[in-house]
Structures are given as structure tokens and as C-alpha cells.
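What follows is one structure encoded as C-alpha cells, with my remarks underneath.
Labels run A, B and C following the written order; every chain starts at residue 1.
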């Protein structure tokens, strides 16, 4: 399983470096996007999973859900950091500034804040059940703010961010080959996340 | 409202971290009966009382508070119990009288100041009931807790070291209150190491 | 026997009044927060001298100031109970929802008092002109309710942790953010002599409602072990 994953990641890296043609206007920089988009996707996915498991924990009080939630959040923070950094580098090279509070930058930054707050909260409570309970409450509360942020952020900040792969008109803007490579990269990144996640949860289960 | 309260402990155990406080407590206590819990410091007397009060969850097992063969939920349980414990602390910036008024109001019992004065008189606090609790001695604070018990008329009494910090007169008062409570068919659980308090016991649990 | 049944509203009121009396007797929080606000405003005013700030910065400043005042003081409602040890008595005798809303009302009240004290200082020190008072007041009230709602529930969370105060700000900010951004933009519009959109105000009101309902749902998980 691990071997297949490794092979897959190698293949994706190879494809990104040698098959993807330089894009119009973006040049060689387009290759960063193949790292940035999957990582950003995983950081959002991890957040949703973490919030979902938190709500599950509150409903069932099964400590397993707390482990899952915390593992997803810690990995999420890591991926979120990578997405922020790769995004900032990309922004510097294309728009000339690392940071300009673009809506997507703002959103990912808020995600970073929530992850940070959640993990700091966990670190500051000793008793296991109490930690699980309070952290789960916080995760579900912060999850609630997301729809509001999605609504409000684009109203305040002007966007330079390239349209998502499938833009509002539903029209594909990339070559089909690039789409496939991007999807492969997203898949690889998600699989990597799940692999690390399983490893973390299993470690927790063994030590308990 | 709830005429008779019985307490049922099913296989209750509690461990904090790796330390096991007690295991496998099974017990049925009916209205008008008195249970005395004894044991050295750190044996989990207070914890057991807190578990029965619903302030803390047992590691395994369940606590059922029954009234007329119906199990009470958390909110109903709260309204029928009175707890005296060193961990109950009154607001230092309110007077004794104001504290009693506040807590009786939370219990949805309307008391006028005359009644409060009467209760304070019974526990020997008539002169100081209009002074801030800040100025009270520990013995006076303990007496105020009994005044609150008188005011709320709970059906389930949980007494944790009720005679701590009290003089001979105060101890006599408690003995009186306990026998009166048993007469009134209240269910009483006392955690203590004083032999004279154990005299009321219908059942005894010794924790080690 | 004294057993008249009273409803939840009465409990909420009792808790709010209790907090009010305790606060009034010590006057710790109000005076500390007021001095905090005064010093922050004076330091900004001193450092910019006669220069005037652009309105959007002034608007942001007002809300940042209110936010940090709230962060300095509003966690007290639960932290104080935890530190004085009175929280257990409240848990035994107080219905959870009444505790939450009593504390929330008290926090809203505190923040409104603080706002009333800060606004004149704000106008004097930063030399701003307010054109639309009624709308401005609505925005202030909605913003205050939002800050109070977000910080009451997080205060209940941090009361049981270590390093309460630092954590309080960290936890509250992400939850408050949508409200915070819209209050700033609405205030900036008012200072620029144009009325904010109705949708901004509605958004703030809706967010407050959602925050309160959500707090009420999750609070039971915090309050009852």
C-alpha cells in the first residue's frame, strides 16, 4: 500500500516536472499550482473531517472520534501551512507581493487561525475527557463561522486569484492532460493525508 | 414535586489517570435512608458524591436517580439535590442573605427575606446575615450552607464532611438536621470520618 | 412551603443581577477596562499628533479597541467563578441555559457601558465626525452583542484551561471574525458620510442570532460533564 502510494507520488512529481507544459502568462511557475491546489484541498478536507468527528464525539462520547478529530486537525495545520507558504511564493512571483489579503489568502489564513486555536486549546487542557469535550465544542463552533466567511470575505477583498480549475461558467480552462495530472496530484495528496492520518490514529489506539 | 427519591448505583467505578479510586460499587438507597461513606483521605469519598450529584462522570457504570420509578434526567436531578461540600463556595462580594436569595431563586423557590432570616436564625447566623460573606469565618460559611439546605428543602442530601470547621453547637445542629431529614423521608448520603455522624447510617460503604 | 415555580427568565435575570452587584461592589472590571481604553486611545492620539487618520483606519481602530477591551475583561464572567471556586455551587443550583444567557446579558451590558464611555473619548481624541447617529448606534449595539456572544461561550471554554487570558483572545478571534469585518466596514461607511447597506446590518443581526443559538446548543456540553 505504502509502496503504491510512493510510486504514485513519484509519478505525479515526474509528470508535473516533465509533462506539464509552461502555461501562458504564468510560465514555469504553473508547476507550483500542482503542489498548491492539492495541499489547499487537503487542508479544507481535514478541517471538515475534524469538525465532523468533533460533532460525532459530542453525540456519542466515544474517545476514538476525539483522536480522529485531533489527528485530522494536526495534519490539517501542516497542510494548511504548506498551502499558505506555496500560495505566498506563487503570489510573490506572479503579483509581486507575498501577501495582499486576497479572499483566498484571507480564507486560508483564517483556517490557519482556527487550526492554531484548536490545537493550542487542546494543549492547555490536561484531563483527557475534558479536553475532548471542550475541543469538540470549539471545533463545531468554528465550523459554523465558515459559511458566513464564505459569504462575507469576497465582499471586502478584491481577488487576483486565478479562477478555480472549473470556473463559474463550468468551462474547463486547462488542457485535458493538465487536468488529469492535477487530479492525480490531488489524489496523491489526499492518499498521503489519509495514510498519515491512519498512522496517527493507530498509534493513539495502541498507546491507549 | 418529587416526593421520594431513590439512588441506584450500578457497578460504579472511577479512576483518575492510572489511579483507581474505587471499583464496582452497587447499591440501592431508598427515600428516608441514610448512607455513610467512610475512608481515608484520597480514597474518593468526595468524588463519589460528585458522581452522584452529576458533577462528574463515573469511569464505568451508571448512577440512576429515581423518583416514583421514573429515572430523572440531569436537569431534574439538579433540582432535587442539595450538596454540602468544602468545594461549595459562596460569593464573597454578596451578603449571606443575598447569597441565599440568589441560590434559592436559581432553584426556582421564591423566598422572602423573612423566611431567609428564619433559616439564618436556625443555623445561628441571624446577626451576621447582612454582612458580606468575605467577612465570615469558615465555620460561619459552613453554617450558611446549611441555611441554604433549609431553604431549598432538597429530597436528596449529599453531605461531604458536614461538620468540618464547626464547633460543638454546630455539630449538634447538624445531628438534629440529619435526623429531621430522615423523618421527612429525604435520601441522605454522608461522606465522613466522624464516628458520631455514622450513627445515622442504614448502609455503610468503606472506601480504601 | 416556599415553592412558587418561576421560569427560566427569572433565573437568567437573577444571574445577571448577581454579576452586576458583585461588579458594582468591586468596580474592578469596569474601571480597569475604561483605563485600558483611555490609555490606548490617548497613546494613538499622542503618537499621531495633529495628523488625522483616514476614516477606514479610524473605524478599524474603534473596533480593534473594543475587541481588545472585551478580551481584557469579558472572560471574567466564567474565569472569576472558576478562580473563586464558586462555579460548583452554580453548577449544582443553576440551570445551564440560564447561566449562559445571564452571563451573556451581563457581558452585553458591560460592553455597552464601556462603549458609551469610549465613544466620546474616541470622538475627542481622534477628531471624527459622526454623520448618521441612529445607524451608528445600531451598528455599535449589534457589534457589541456579537463580541459579547462570541466571548461568553469562549470564556466558558477557557475557564477550565491553563493560561486563560492569552487563550481567550486566540479562541475568540476566529469565531468573531465575520462580525468584526462587517462592523468595521459599516463603521467606515458611516464615518465617510454614507449610510451602510441594509444587508450589512442584517448580516450582523443574523450572525448574532446564529452565534447565540449555537452557543446555547453547545453550552450544555460544556456545563454538564
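Everything below uses one rule, namely that contacts are C-beta pairs under 8 Å (C-beta built on N, C-alpha and C of every residue); 3 or more make two chains touch, one makes a residue touch a chain.
Keep in mind it's a predicted model, so treat the numbers as computed, not measured.
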Practice problem: Work out which chains are contact partners of both chain B and chain C. | Solution: none
Practice problem: Determine the chain that sits nearest the middle of the structure, using the mean of its CA atoms as its centre. | Solution: C
Quiz item: Distance from the CA centroid of chain B to that of chain C, rounded to the nearest Å?
Solution: 36
Quiz prompt | Inter-centroid spacing, chain C versus chain A (mean Cα positions, whole Å) | solution = 32
Quiz item: In angstrom, rounded to a whole number, how far apart do the mean CA points of chain A and chain B lie?
Solution: 51
Self-check item: Multi-chain contact residues (two or more partners), chain C
Solution: 225
Quiz item: Which residue numbers or ranges of chain A touch two or more of the other chains?
Solution: none
Quiz prompt | Per-residue overlap in chain B, given as positions that touch at least 2 other chains | solution = 57
Quiz prompt | chain C residues touching chain B - in the complex, by the definition given at the top | solution = 1-6, 10-11, 14-15, 18, 21-22, 25-26, 84-86, 88-95, 98, 224-225
Quiz item: What residues of chain B sit close enough to touch chain C in their complex?
Solution: 1, 53-57, 74-75, 78, 81, 83, 85, 87-94, 98, 102-111, 115, 151-153
Quiz item: Which residues of chain C touch chain A in the complex?
Solution: 153-154, 157, 160-163, 167, 170-171, 173-175, 177-178, 181-182, 185, 203, 207, 210-211, 214-215, 218, 221-222, 225
Quiz item: Can you name the residues of chain A that touch chain C in the complex?
Solution: 58, 110, 113-114, 116-117, 120-121, 124-126, 130, 133-134, 136-138, 140-142, 144-145, 148-149, 151-153, 155-156
